[in-house]
Amino acid sequence: MVIGFQSDNLKPFKLSVLIVSAVLVLSGCASSGSDATPSTIVIADNEPPQTFDPIQAGNSTVNAVVIPLYDVLLDFDANNELGPRLAESWKVADDGLSIDIKLRSGVKFHDGTELTSADVQYTMDRVKAINVGVASEVVAYKSTAIKDDLNLTITLSEASAPFLSALSRIYILNSKLVKANEGTDKGQKWLASNEAGSGPYTLKSYTTNQEASFVKFKDYYRGFDGQADNVVIRYIVESATQRDSLLNGDVDIAYDVATADLPSFDSNKDFSVIKKDTLVQLYIHFNMQKGPTTDPRVREAIRLAYDYDAHVKSILQGNGAVAKGPLPAVMNCHADIPAGKQDLVKAKQLLAAAGKSKLKISMDYLSVIEEMDRAGTLLQSALREIGVDLTLKTVTFPEYMEHVKTVNTTPDLGMIYAFPAYPDPHSVLAINFDSQYIGGGYNFGSYKSAKVDSLVRAAAVATDPSKRCDLYREAQQVIESDFTSINISNPKFVVVARAGISGDIYRPAHHNTLDVYNIKVSN
Amino acid sequence: MAKFVLRRLAMVPVVLWLVATLVFFMIQLIPGDPARVAAGRNATLEQVQAMQQKLGLNKPLVEQYVSFLNQTIHGDLGTSIFTFRPVLTDLGQVLPSSFELVFAAMLINIAVAIPLGVITAIFRGTRTDFALRIITLLGATVPVFWLGLVLQYLLGAQMRIFPISGQKPSGAQIERITGMTTIDALASGNLPLFFMTLHYIALPAFVLSTSFIAVSARTLRSGMINILDSDFITLARAKGISNFRLILRHALRNAILPTFTILGMQVGWMLGSTVLVESIFGRQGIGSYATTAVLQKDIFAVIAVVLVMGVVVTLVNLLVDIGQKLIDPRLRISDA
Amino acid sequence: MSLITGKSFISNTFYKKVKWLSFYEKFIFAAIIVILLTAIFGGRLAPYDPYYVNLEDSLLPPSSKHWFGTDVNGRDLFSRVLVGASSSLLSTLAVIAFAAIVGTILGTGAALGPRWLDEIIMRISDVAFAFPALILSLGFAAALGPSLSSAVIALALTWWPGYARLVRTYVIEIKYREYVDAARMLGVSRNRLIFRHILPNALINLYVQITIDVSAVLLVISGLSFIGIGAQAPSAEWGALVADGRNYILAGSWTVVIPGAVICITAVLFNLAGDALRVINDPTLLRKGEK
């Protein structure tokens, strides 16, 4: 029998219960607050990465884990300045068709082997061959010629102004290691849960969907000065739990504290709320080729229904601004397009004119993100006012990418951010609106405009900056006049960190990630 | 007795087959192209076609069914489209944690329900009985997820008596032996760490147990009342046996059978309820794994959870049945 | 021994039992009826539009203007609770109805059919009974997509065994009653026997189980909506309401506390009602101190 009720005497049992509970309470007091070792940072994020393969670093959750593990040739800093990393120096040819790169010497991968041109060549060729994820940023890549271990030349199929910027998302792989584990899919399966990098941290462990643990790589070429020995990224889906873990000391930095809770952290001197300007824009992309949204009046009506001001005021609590057109407002070459404004009367008229007074549509969105969750509900309610029945469908980013692969599976509306990988209009206007990126890249609405295609492609190869700007401005006007998307907001990046965390931890070019190497801890 | 065990064991594969059939039926319900879904996010056309071959979707339904059963028996439950690992491996990682939680919750359940059942039976009709039964009623009808949230907030975030989420303090290293954090911590010899893991499991286990305590206590109470009214108790009292001994030795022992049965069923139901508790407290068990899998549309993972749950429940049922026979010899005679 | 047909038997005994209710019992039943009426008419009684987002009024505490306060989207919580009563309770009743029908068919079949049928049905019901309802619902949600209907289907599939067993017990008991023998001797056909005489007397006692089950099923359904695989946004189903408020417990605790309390109180009331009905049905239980 489970319970010792055989004997008459319950006293020893009762006594042991008392002792055990006393011990529990006492040990509870002892383990209050955070862990023992002071040089561990715990970061709370709400979505685990789909893979650790850097080829998917266009997805911010993957980028977040790849940043500590790998290096790039060139990278952006917190002020959007492009600077050298693995590439010590580089020279773009006059015709823009090739780039000579000199690598820094003495860089080691985590397994001890030296990083050489062969690794760069392997990485670039692999990206081109598999043609997913970051490949859409470097379509101009043709081949790499190796001169010696530290010198190489990248050849492009056409001049590409944004190419150098795009290199900030090409993380260099340890070619020997990946080749040994290539399998049948060029190492995608192996790299899903393994790393082959040279970055400041190595991957200690990854518990699926729960925790990724990193430890300092002693031989990192840039050296260390105040960084934590261990970094843990913990996946906590609920913002309430993230908030409570911050308060409790279990977590040091949290990405997803609800905006309603920010004021209490602002006034708490044990914490600091870090707000930074971003390159980000929140969109809703219409399905431009199928369904009721193919009618421009329907699109215009839906755009006019949304309460943009309330979005910034209530949902963002002022941390951001209403978007102005398809290009994020802070970028260069911004056209003169006004911010969106709600006009329910006109919206109803447009729908009536289109003969669609009772419309039924659905929207994919990442409801795990607070801004999207609340925007979705706000849009749903607003559309009800004009007679449109909106069904909200929660998806994950990989799922959404899957849905936009074919026009038939693309939703009527898709709410998604643009996280531009570099502060150049190409990263938005081409990547999201050029028809060559339909069905495999980031053209989420299957938007096909020959005019826009020619404009952005010309701008990509143009060498005169002002001419480029003219082309981009015109492209924006065309996209806008087609009512291609609902341009909602340019939100700020907000994280809550415990006091004592400092450094340039956010870089707009790598949105929704922290520059782990630059997180400095002071207790 | 042996005959009985063998007969019951023979039923196990039948039951598992039923569960597998139900699961196969569920897979057929999935809209869209299962091969596409199974091949994963970034599958190339060749990979999707390969998956179609593997799933045998071109073959007639009966053939698919047979190969499905075949694969399942061999433990091939498919590959998770998110972790890229066999689902069985993933499940192996997370199951021990749920077992640990259910075990802890069961301990609390038994430790609270048995005294509660006995006391309310003895003192039936009095104020104490009434008060205790109100409390247990509340325990049974309060929504588990709500209780978890509220207690987590009050006791965790506000009063800081318990940790918010997780199974161990972050940064703590526990070598994985069984997969159960408490056991592994104990096995590593690090006593303070062991107590800390107990601290982490305390609140989730308590929350999980509340709805079950009421039923167990009530079952025991009914059983005890029936027994206490019966003749042999009167006889025992006439013989002069002390009250205390009477209750424990005679009444409880005889009343325990239906309670034991209920407790056995509750193991399965508790495992199901981990779905609610684990995601609130950030514990990595089969419950949170299944929830994440559903929300990520990781079909194979969910199917595997249903299958494994079927296996576990059947085995527990079997053990309960055998245990019943062991406890009460009378049942051995009236064997169906 | 007079033949008692189904209908008059029901109204006779039930009325007799209802007459002797105490105040406590009358109160509980009145409360239940109020809740059921809310489930049916709740939407019309709501003072505000439960779905209209008004961000200006986000997270207002309970006041005379908003009895339950507002949620983060400025929607009146009292209105949402009223409308949510429909989702929560009607889906609960759907589960029970489905389970009761399936359970009755199978239970009757087990009781009246051949021995092997009885054995099979009982074995299946054992497994279904023990199988955690939540897990099966996850399976259906994965296959059919998360929705209130897939949750209802899944739950019904695990709930029927309770009814099958009950009906089987009742039918077996009635099978051997004298009036059934009498009817058979008189030449009443088997179908008529089953549907006119046996079943009504068996089913009449199900209302106790049904009432108690409302409590249990409500808790599971709201749980499923809470984790996101039952009712979908912007449904005001009570479990979904708790999920909505979850991230704002600091700034607006009422968004979590109130919906949860509503679920709890409803479950308690139905539970107590079920208990009361059980005693009304069989007053001998009182002697044993069940009350």
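A, B and C are the chain letters, set down in written order, and residue numbers restart from 1 in every chain.
As a working rule, a residue touches a chain if its C-beta (ideal position, glycine included) is under 8 Å from a C-beta of that chain, and two chains touch if they have at least 3 such contacts.
As the structure is a prediction and not an experimental result, all values here were calculated from the model.
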Pair joined by more contacting C-beta pairs (B-C or A-C): B-C
Identifier of the chain whose CA centre is least distant from the whole-structure CA centre: B
Geometric centre distance via CA averages, subunit B-subunit A, whole Å: 38
Separation of mean Cα positions, subunit C and subunit B [Å, integer]: 24
Subunit A-subunit C separation of Cα centroids, rounded to whole Å: 45
Subunit C: positions in contact with at least two other chains: 228, 246, 249
In subunit A, residues with contacts to at least two other chains: 238, 240, 243, 394
Subunit B, residues touching no fewer than two other chains: 149, 153, 279, 295, 297
Subunit A to subunit B touching residues, read off their complex: 1-3, 5-6, 8, 17, 23-24, 27-28, 30-32, 34-37, 40, 42, 50-51, 56, 132-133, 185, 188-189, 192-193, 207-211, 230, 232, 234, 236-238, 240-241, 243-245, 247-248, 250-251, 394, 396, 398-399, 401-402
Residue numbers on subunit C that touch subunit A, as the complex places them: 51-53, 55-56, 58-59, 72-73, 228, 232-234, 246-252
Sites on subunit B touched by subunit A in the complex: 41-42, 47, 82-85, 90, 93, 110-111, 114, 149, 152-153, 156-157, 160-166, 169-172, 192, 195-196, 198-199, 202, 244-245, 248-249, 252-253, 256, 279-280, 282, 284, 289, 292, 295-297, 327
Subunit C-facing residues of subunit B, complex: 11, 14-15, 18-19, 23, 26-27, 29-31, 124-125, 137-138, 140-146, 149-150, 153, 211, 222, 225-226, 229, 265, 268-269, 271-273, 275-276, 279, 290-291, 293-295, 297-299, 302-303, 305-306, 309-310, 313-314, 316-317, 336
Of subunit C, residues touching subunit B in the complex: 119, 123-124, 126-127, 129-136, 138-146, 215, 219, 222-223, 226-229, 239, 242, 246, 249, 256-257, 259-260, 263-264, 267-268, 271-272, 288-290
